[in-house]
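What follows is one structure encoded as C-alpha cells, with my remarks underneath.
Lettered A, B and C in written order, each chain numbered from 1.
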Amino acid sequence: MSTLEVRNLVKEFKVRDGLRRSTLRAVNDVSFTLSAGRTVAVVGESGSGKSTVARMIAQLETPTSGEILLDDAAIGRRGRALADYRHQVQMVFQDPFASLNPYHSVEHHLARPLKLHGVARGKDVLPAVYGLLERVNLTPAPVFAEKRPHEMSGGQRQRIAIARALAPGARFLVADEPVSMLDVSIRLGVLNLLARLQREENLGVLYITHDLATARHFSDEIVVMYRGDVVEQGPSDEVILDPQHDYTKTLLAAAPEPSRHGRLRDEVRAELAAG
Amino acid sequence: MTATTTAGPLSSAAHAEHVARLTPVLTAHDVSIEYEVDPPVRAVQGVSLTLHRGEILGLAGESGCGKSTLAYGLNRLLKDPAVLRSGEVTFHDADGTDTDVVALDGDALRAFRWDKVSMVFQGAMNSLNPVLSVRAQLEDVLTTHRPGLSRTERGERCAELLEMVGVDPVRLDSFAHELSGGMRQRVMIAMAMALEPQVMIMDEPTTALDVVVQRDILREIMRLRERFDFAVVFITHDLPLLLEIADRIAVMRSGEIVELDTAEQLYAAAQHEYTQTLLSSFPSLLGDFSYDDGEGAGR
Amino acid sequence: MTDTRTRTAPSSVPPSAPPTAPATTSKPPRRGLRGRLAGQGKLVVGLGIVIAIVLFAIVGPFFTQDPRDSDNAAMLPPQPGHWLGTTSLGYDVLAQLAEGARGSLMVGVVAGLLAIVLSLLFGVVAGYTRGIADEGLSLITNVMLVIPGLPLMIVVSSYLEVRSLFVVALILGATAWPGSAVILRLQARSLRKRDYVSAAKVSGERTPRILMVEILPNLLPILTAQFLFAVILAILGEAGLSYLGLGPNGSITWGTMLNEAQGGGALTRGAWWWFIPPGLMIALLGCALSLINFSIDEVIDPKLRSAPAAAKSVRKARRAGLDVTVHDDGAPVRSGTDAQKEAVRR
C-alpha cells in the first residue's frame, strides 16, 4: 500500500527583529503517515505550524530536520527525483482568488500539468482538459476551459484548483484549508467533491484546517497542533469525542455549538453575580 | 419600487410571542439600498427589521447578501456608489423620544452616530490607525463627542474603557501593530463603547480570529451587555455561532430577509429552504455526518 | 421611473472587504488590453499625440527638403516654402524637425529598450531567485543607483570623441536602468510569494518558465510604465547632452537643434521658430508619454479610477431624486428635530 510518511519533522525560521536575530521553531517534531484512500487532518489555530507542515510535504519549504518518506524511500529533492515526487504529490491552496494566475485561462492552468507530467500530448490535451473539468462538475467543459479566473466564483475556482492537482495523476493530495475562504453554502459541495475524488482515485489526503467539525467528518485521523507541537493524535472520533489533552479540550469547548444555546450568557451572568 | 408584493420573511408564532414582550430600540421599515453602478444593483430590497432593547439580533448570510450594506445603511454610513433609495429608520431613545435617522444630517447626524448607535467594523483588526497610539484614537472619540471633559477626565475614561474590555490600561500607549488580533478587536469594541451607546452594530467582529480568541471576545461582549444593556446587531456568516449566542436571527439572501425567528426555533425547525441549506453546511461537531458525493453542478 | 434591474449580488466579494459594489460573474468583461482601457481619456490623448509624432518622424522627411541643405536664405521667419523658417545657416527648420524627430525617437526607444532589458535582468531575476544571485545583482544595482546619472553621462560622452546616435542611446540606457531595477525587484519578490507561483512550482514547472509565464505577464503594466518613463528620460537626457555639446556628432535630433539654436543666437535675434518647435516637441512627447503612464497606473490600481466614478454616479442619482436622504436640489430632506439640535449645542 502506498504511504507518505512524515517523521520527526522540524522547521525553524530565522527571524530578524531590529538588530536581534532569533530562531522561530514553527514545526517541532511532527510525525504521521498518509495512506492511500485515507485522510489525515492537521488541526490547529494560526501559528500552530499546520500550514508549514503542508508546505514541507509539498516541497515548498525544506525541513530543518526530519524525514519525509514516500513508499518508505526518502523523497527526491532535485532533478528527476523531484519531478517524480511532484507527479505523485499535489496541493490545493487555501485562497481560490490567489492560486490561479489572473492572466491565464482555465485551459492553460490545466493543460500545463498534463503536458509536464506526460499525461497527455498534442491533440489529446484538450479532451483531457475537458475530462478534468467534467470530473469536478464544471460543465459544459468547453465554456469553462476558456474562462479566466476573475470570471468565476470562489467555489468554481477552487474546483479548478482541485482539477489542476488531479491532472498529473497524483496519489497524494495536500489540501491547505481548501474551503475556509469559500462561501458557507459552497463548502459542502467542494468537500463532497474531494471525498468523491478520494474514493475514486484512492487518494491519500492531508487536510489542513482550523475547523474541528469538518476535520472530524472528513478525515480518519486527526493531528492536533499547538505552536508547532503535536499535542494529540489519533482516530477522528476518539480525538473529538474523548479528547485527552487540555488544548484539545479547549478547542472543542470554544467551537460554536448550537445545542449549547444560551450557555455563554448564563455563565457570564453567574460569573458577574458571583464576583 | 417593485410591482410584486414581498411576502415578508418566514417566521413562527413563537417568534411573535417572544417579540411581543420586548421594547423596540431601532426600527427599520422598507429599507432599500442600491449601488449606482451600470446597471444599478439592488443590494438591499425592502427590508423591515426591528431591534429590541437589550437583545442580540443575528444577521446571517453569505457574502454579497447585503447584510453589511444594510448595517451601514442603518447607521447612515453608506459610501459611494451606495445610495439609500427608500425606507424609514427610527431610533427609539431610552428617554422616550423617537429620532428619524434618515432625516438626520450634519451636526445632528454626528451627534447621533456613536452616541446612540455605534459600530464595530468588518476587518476591525485593520481599522485601527497604524500611526496613532491607542490612547490617541480613544481620545479622539471623546474630544469629538464629549468636548466638556477635561484632559484628566478623558485619560481616566480611556483607561476605564480598556479595563472594561479586558485590556491592561498600560496598553494605552501601544500602537496597533504591537497588539495581537484579539487585543485589537477589544480596542475596537472599547472605541464603540466609549459613549455607552444603546445599540452596537458588529460586522463580522470575530471572523478572522482563532476560535479560542473568538470565544473570549464573545464572552467579553456578553459581559458588557449584562452591564450596560445595549442591543447588538451581530452580522456574520457563521450560523452556528449565532445559534449559540443570539436571541433572534434574521437570515438574508440577495438583499432580502428570508427568515426571521428566535434562535431556538431556527435551530429546531428552520422553515426556509435557504436556511436549511445554510444549516446543513455546518456539520455538527458532536453529531453524525458524512461527506458523500450526492452533489449537483459546480457552484 | 428608472429601470432598476435587480441583480443577485453574487458571492464573489471576499468577506473581509467593506461593502462595495458586488462584482459581476455572469458576463465576461471585454477581453484584452483594449477592453480594459476603454473610456480612458488620458490614454486616447496620449496615444494620439505619440502616434502623430511617430508618423511625423517616419513620413515627414519624405515631404520636406533635405535638412542638411543650407542653400536657403538664412533666418527666415515662417512662410510658405519654409513653414517653420530657416536657421542662421540656412537649414530648413521643418526639415530638421522631422529628421530630428527620427533621431530623438530612435535614441529614446533604444535607450528605453536597453534600460528595460537591464532592469529585467537585474531586477526580476534578482527578486525571484534571491540568495547569492540576488545579493550580487543587487549590489551592482545599488552602486549604479548611487552614481549620479548626468555626470556619468557627461564623463562617458566626453571621453568618446566620436559619438553616434546609437552610442548616445546606449549611454543613456545604461544609466537609466537602476531605478526600474529596484522597482521590478520588489515586485518580483512580492509576486514570488503568490499562491499561483507556488502552485506552478508544485505542478512541477521549472524556474525559467515560471518567470516567463507566471511572473512576467503580471509585471507587464509596470514594465510598460517603466519603459515609457525611460524613453522620456532618454529623450530629455539626449537633449541635455546635446545642449552641452556632448550629444551625437553628425546627427540631427531635437537636442542638437536646441544646441545650434543657442549657438546661433536664436534667442537674441528673436528667431522663435528655431528653438520653440524642437522644445515644444520634446515637451509634447514627454507629456503624451506621461498621460499614457497615468492611464496605465489606473489599470494597475483600479481604485484610482473607480472612486471618482462612484462619486459621480451618486451625484447623478441624487439629482434624479433617488436618494431618500436628500432633496433633488441636494438639500437634506429634514434637518433633524429640535431636540437633536439642542443636544448638539449642549
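The rule we apply is simple: a residue touches a chain if its C-beta (ideal position, glycine included) is under 8 Å from a C-beta of that chain, and two chains touch if they have at least 3 such contacts.
Here the structure is a predicted model, which is why all the values come from computation and not from measurement.
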Farthest chain relative to chain B (centres taken as mean CA coordinates): C
Between A-C and B-C, the pair joined by more C-beta contacts: B-C
Chain A and chain B: spacing of chain centres that average the CA atoms, whole Å: 32
Chain A and chain C, separation of their C-alpha mean positions in angstrom: 43
Junction residues of chain B - those touching two or more other chains: 62-63, 237
Contacts with two or more other chains, residues of chain A listed in rising order: 153, 183, 186
Interface hub residues of chain C, defined as touching at least two other chains: 10-12, 14
Of chain A, residues touching chain C in the complex: 58-60, 83, 86-87, 90-91, 93-95, 97-104, 112-113, 116-117, 147-148, 150-154, 161, 164, 167-168, 181, 183, 186
Touching residues on chain B, where the partner in the complex is chain C: 2, 34-43, 45, 62-66, 68-69, 72, 76, 79-87, 97, 99-100, 102-112, 121-123, 204, 207-208, 237, 254-255
Residue ranges of chain C touching chain A (in the complex, touch as defined): 10-12, 14, 23, 25, 28-29, 194-196, 198-205, 213-214, 217-218
Chain C residues within the chain B interface of the complex: 2-19, 21-22, 307, 309-311, 313-314, 316-318, 322-325, 332-337, 339-341, 343-344
Chain B to chain A touching residues, read off their complex: 62-63, 210-212, 214-215, 218-219, 222-223, 226-227, 237-241, 243-245, 263-264, 267, 277-278, 280-286, 289-299
